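Sending over a structure as structure tokens; questions will come in a sec.
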Amino acid sequence: MAQTIVKVGVVGATGYAGAELLRLLVDHPQAGVVAVTSRGNAGTKVSDLFPSLRGRLNIEFTAPDVKQLAQCDVVFFSTPHGVAMAMTPELLKAGVKIVDLSADFRIKDAALWEQWYGMPHSCPELLEQAVYGLPELFRDQVKGASLVANPGCYPTATSLGFAPLLKAGLVNVDSLIADAKSGASGAGRGAVVGTLFGEVAEDFRAYAAAGHRHQPEIAQTLSEMSGVQHDLTFVPHLLPMIRGIEATLYAELLNVDADIDLQKLYEDYYAGEAFVDVMPAGSHPATGTVRGVNQCRIAVHRPQGGKRVVVLSVIDNLIKGASGQAIQNMNLMFGLSENTGLQAAPVWP
Amino acid sequence: MAQTIVKVGVVGATGYAGAELLRLLVDHPQAGVVAVTSRGNAGTKVSDLFPSLRGRLNIEFTAPDVKQLAQCDVVFFSTPHGVAMAMTPELLKAGVKIVDLSADFRIKDAALWEQWYGMPHSCPELLEQAVYGLPELFRDQVKGASLVANPGCYPTATSLGFAPLLKAGLVNVDSLIADAKSGASGAGRGAVVGTLFGEVAEDFRAYAAAGHRHQPEIAQTLSEMSGVQHDLTFVPHLLPMIRGIEATLYAELLNVDADIDLQKLYEDYYAGEAFVDVMPAGSHPATGTVRGVNQCRIAVHRPQGGKRVVVLSVIDNLIKGASGQAIQNMNLMFGLSENTGLQAAPVWP
Amino acid sequence: MAQTIVKVGVVGATGYAGAELLRLLVDHPQAGVVAVTSRGNAGTKVSDLFPSLRGRLNIEFTAPDVKQLAQCDVVFFSTPHGVAMAMTPELLKAGVKIVDLSADFRIKDAALWEQWYGMPHSCPELLEQAVYGLPELFRDQVKGASLVANPGCYPTATSLGFAPLLKAGLVNVDSLIADAKSGASGAGRGAVVGTLFGEVAEDFRAYAAAGHRHQPEIAQTLSEMSGVQHDLTFVPHLLPMIRGIEATLYAELLNVDADIDLQKLYEDYYAGEAFVDVMPAGSHPATGTVRGVNQCRIAVHRPQGGKRVVVLSVIDNLIKGASGQAIQNMNLMFGLSENTGLQAAPVWP
Amino acid sequence: MAQTIVKVGVVGATGYAGAELLRLLVDHPQAGVVAVTSRGNAGTKVSDLFPSLRGRLNIEFTAPDVKQLAQCDVVFFSTPHGVAMAMTPELLKAGVKIVDLSADFRIKDAALWEQWYGMPHSCPELLEQAVYGLPELFRDQVKGASLVANPGCYPTATSLGFAPLLKAGLVNVDSLIADAKSGASGAGRGAVVGTLFGEVAEDFRAYAAAGHRHQPEIAQTLSEMSGVQHDLTFVPHLLPMIRGIEATLYAELLNVDADIDLQKLYEDYYAGEAFVDVMPAGSHPATGTVRGVNQCRIAVHRPQGGKRVVVLSVIDNLIKGASGQAIQNMNLMFGLSENTGLQAAPVWP
């Protein structure tokens, strides 16, 4: 029986998320990579830049060209912000579906986007049709989407962790805190002093405590879930490891005396989800247990039976926080089984 | 001019904090190590266990013996809980001063101690005279103390971070959260699977979210500072690095509209303190900048000018969180300049 | 079309190589795990010990029992030495095939084995029939084998690196040096101080410079290849990383004036091998490019065109150096395509 | 009693070796930093670039200016090659002593230098008067020197390891191999992809196997020691850690039957040396035991009593391999006790 093979183009696959996207596509049984573009690396074999792909992907980078990309069924953007919005309108017109791993279409409010990203948005008219690609929350919309805004890594871990509490209306929406920690790959592959080995190893620090671009993105999703406009305190930190995000989430119960089975709430909410694992009561999920896979693991605690709920949420920032989720979205957009190409077990230790 | 040389005994210096204590003592110009005890290593040269001390400390471990230790001016305990309290009464009687790096004398309430540490306390009558050795908060008491309970690593970072806010009465005492992260040396040098390289490297996780022994210790200190009985939510995490603690602290202002200069509050509070560095506004202290030294660096933020204050506090868990603070206490107890032997600059990177 | 499904038993899968073996088996389309034994963990769910396998392997550890294991088509031993040789004779008699990841059947000379492993060999009569499972060198024997001795990690990287030189008779067999470096997972998951994070991280050292158990194993394979009895100098080192082996190999050319195309020699020798990648001239293979996969990457250098050849060989010690190679052997023994279940791309970074 | 205080200038202290140089100078009782220059950071406080020096060094970077530097007693160059040779002639004329941590004056043969460093040498006439600052080999010359070429990190570890064998004439000078491994700080603080955390962590590889700039430098020193022109094979590797070099050295005994006590040879050779520690027979020195200090630890092995000697040599690449050795040279040049400011114990773990 002939299988659908989705023709895939990747724009800008020269960073860590791009490398992982190519790895997952190479192992995907119903996708074929037909174009990988990079202005700076045109003419270079992809496997020369990424020796881990030697023998797996025999293709060269080409300069980005809308005409060539228009031959694809889907184009992934793994680029800095500003690139996807420049090419997306024409590709959509040509009937190509888009999964944008950058931030261009994540924020519905163009003015807010421009404030945080410091440039004008070139196609605000597409923001409404863009679907926020967190399938566990917006699966039906993703299925029918032509343009998916793939969520940021911190927002994925945080939103999945808070969702059951907010949907159930159990917590004070002004009490939310996300203390999040990311491996260094989250900062990308750009040559900057701040992510040199000598700076990151054997070190730990917070950053952007006064405000980070993922804050409004998270706030937008939380507001959609709770139906109430609200804010949160979000503090990211840089971990001395390559990949993995852990978000420790704090919220205050509206009714501290209520008899709530938080464990059951979470298990019921995520029942049937292939990519969210609610761990047994008392667990502490480790980023190492989701290494290399499209998985979020969550545990929920209520220390000393008090007013405060603590949720622990881990993902691989490059997979469920970026490339794996992008594949998951592609699968939904093309009517494939949602877990196609995403079934390999985590690489541990 | 002849200098005082303090005769020092160390009980149980076979772990990481013990190794650092010996290093600092070896470099201390007014201390001399006369006895290092270890039941399991009696007869072994200390530098055979710790080759980093080759050529610096030419002494053998001896079996612990109160008579021998009674010849010392001061005895440090770097032991599991339960050991110090067994030997302390007799040593005090012999006129020896004690700095206990273990938890035996940290909690004033013996019943609470027994609940968290799972054994009866053998000398609760000493709890009142024991001074909690956080010099920045209790310097005068330390100066006159015979028995100092050296604080835990998490409590040091957390209490120093919250102190200015609590002393000024600016925050809701029910709103305190400490999201703390520690390097693996904090778990000690015991041979357990959980701290093997293969488990800790390239991994991150919370632990003891339901309750950790440092929680009541921190709560006790915060209550003393604010004058009000109160609680806090404390979640520790294990970092894939050897040393360093970062505590990200959250508190809600009582008066969100007040015009408070938090930066000045912190700078004034710690003016003149050699071992607490309030960093410039907007800073994010990194654990790497306190590596190997008795220093706490703190920054204070108020994201988006809202109700929540975020304090970032870093220490080297083995130094300001253990051995360095123990030396600082010894200096005070013996009338030495507080920073004697603690002036070396951090080793970075 | 119905596919063969090989019924697999695993003895002793509680360490790192065992965890990786289970991961590869779970993802293997023609293998089914029917028994996982562990005396100490009988009754525990495998995924409780290895949370990375949650949702992938729903089976409990059982106590090792030859009768139960005799129902399997193949049994893997991932145990300390001494265990496999105790159970293998009976299992072979029951028609079960064996892949032993331990050292019990690697050395053909029982006396030599006993000298290095410090115990009597309980079934020396099986040593002759045991096939050394390095398929690139002994593929035909593996295909017909009932008992395969899976090579050690260092021997795999070293033997594959030296093979083309030795088979071609180009180098002085007395000149061989293997300076090899392994990640900490190679030391296993036992709770010992030497592999704690605090000992291994930010540290590097040689060990066993006077003699390591893998030395006679390598010497045996090299002798078989060159047809001459010979020795080598082998110095292993411990790397501050989880997985990966790099072997830097030195050999002196017999004829320094000969015009030898070493690059072509290596490419020709390994032409058609799925799991050995000869990199372009001038390359330096990185362990990170084989992370999680059954791959050896090799580069060959002749510094300054002199008498000395330098070969660089990298593998993932847990995969091509243990569990992946074991699967490769199983595939051959059961007539499956050699790369079944071993096609996933490396996880990088 | 008034002590000599040496007035020190540092050119280019914006990298890792520069940071360590400043740390050691700050802690040095007989040195005072009067100028720290950096073209790119002029006007910035040094402690803004290196927060670890907050409270220790209250000085700003200035633009490099020979007139200002001429006020110093000694100037250290911690710069890329090419800078020191441009400023050194004038400074020498002004009576300033020079310790050059870069490569400009290490190679006696200007043509050879130009071949490896790819630029013309601007003051070859100074090469003869420049002293190679490895005090254990050339102490007397250093004492009288005005211009010291501070050795490279690999050459220090390698030359100290081979010295006793070569001075005693025991080994074949054509048999020397140095398999050396360095932490990532050795590659400097430049913003390049190759030393990003995501590239270096959990990875290991050889580099420059075909030829590295430290090879001719080592060969020159070995030739001076043995009195015979000779070569060596030198292969460097990049370790996933910040600091530390381990060199595993191989040499063949000229007389394999001779009864040589290698342990005694090494102990005698380095008797009285403060900064070289010959470890007990059977030892394996670890880089962690020299972290942060000016120390080389060495062990010598003769595996299986054969023809080959294996020497293990470790240093901290930033200290004995750079800044600490520079201070040691300064001490000698100014008649200070050789270990002034270099007595702190290693920071372990």
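By letter and in written order, the chains are A, B, C and D; residue numbering begins at 1 in each of them.
The rule is simple: contacts are C-beta pairs under 8 Å (C-beta built on N, C-alpha and C of every residue); 3 or more make two chains touch, one makes a residue touch a chain.
Everything numeric in this text was worked out from a predicted model, so none of it was measured.
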Pair sharing more residue contacts (C-beta pairs) when B-D is set against B-C: B-D
Most distant chain from chain A, judged by the mean position of its C-alpha atoms: D
Between chain B and chain C, centroid-to-centroid distance (C-alpha), Å: 46
Separation of mean Cα positions, chain D and chain B [Å, integer]: 36
Residue numbers of chain D (touch at least two other chains): 16, 185, 198-199, 201-202, 240-243, 285-286, 288, 291, 349
Chain A to chain D touching residues, read off their complex: 16, 184-185, 189, 191-193, 195-202, 240-242
Footprint of chain A on chain B - complex, ascending: 177, 179, 181, 183, 198-199, 201-207, 209-211, 231, 233, 235, 237, 239-244, 246, 248, 250, 282, 284-288, 291, 299, 301, 303-304, 306, 308, 310, 312, 314, 349
In the complex with chain A, residue positions of chain C that touch it: 16, 19, 23, 26-27, 50-56, 185, 201-202, 242-243, 277, 279, 285-286, 288-292, 297, 343-349
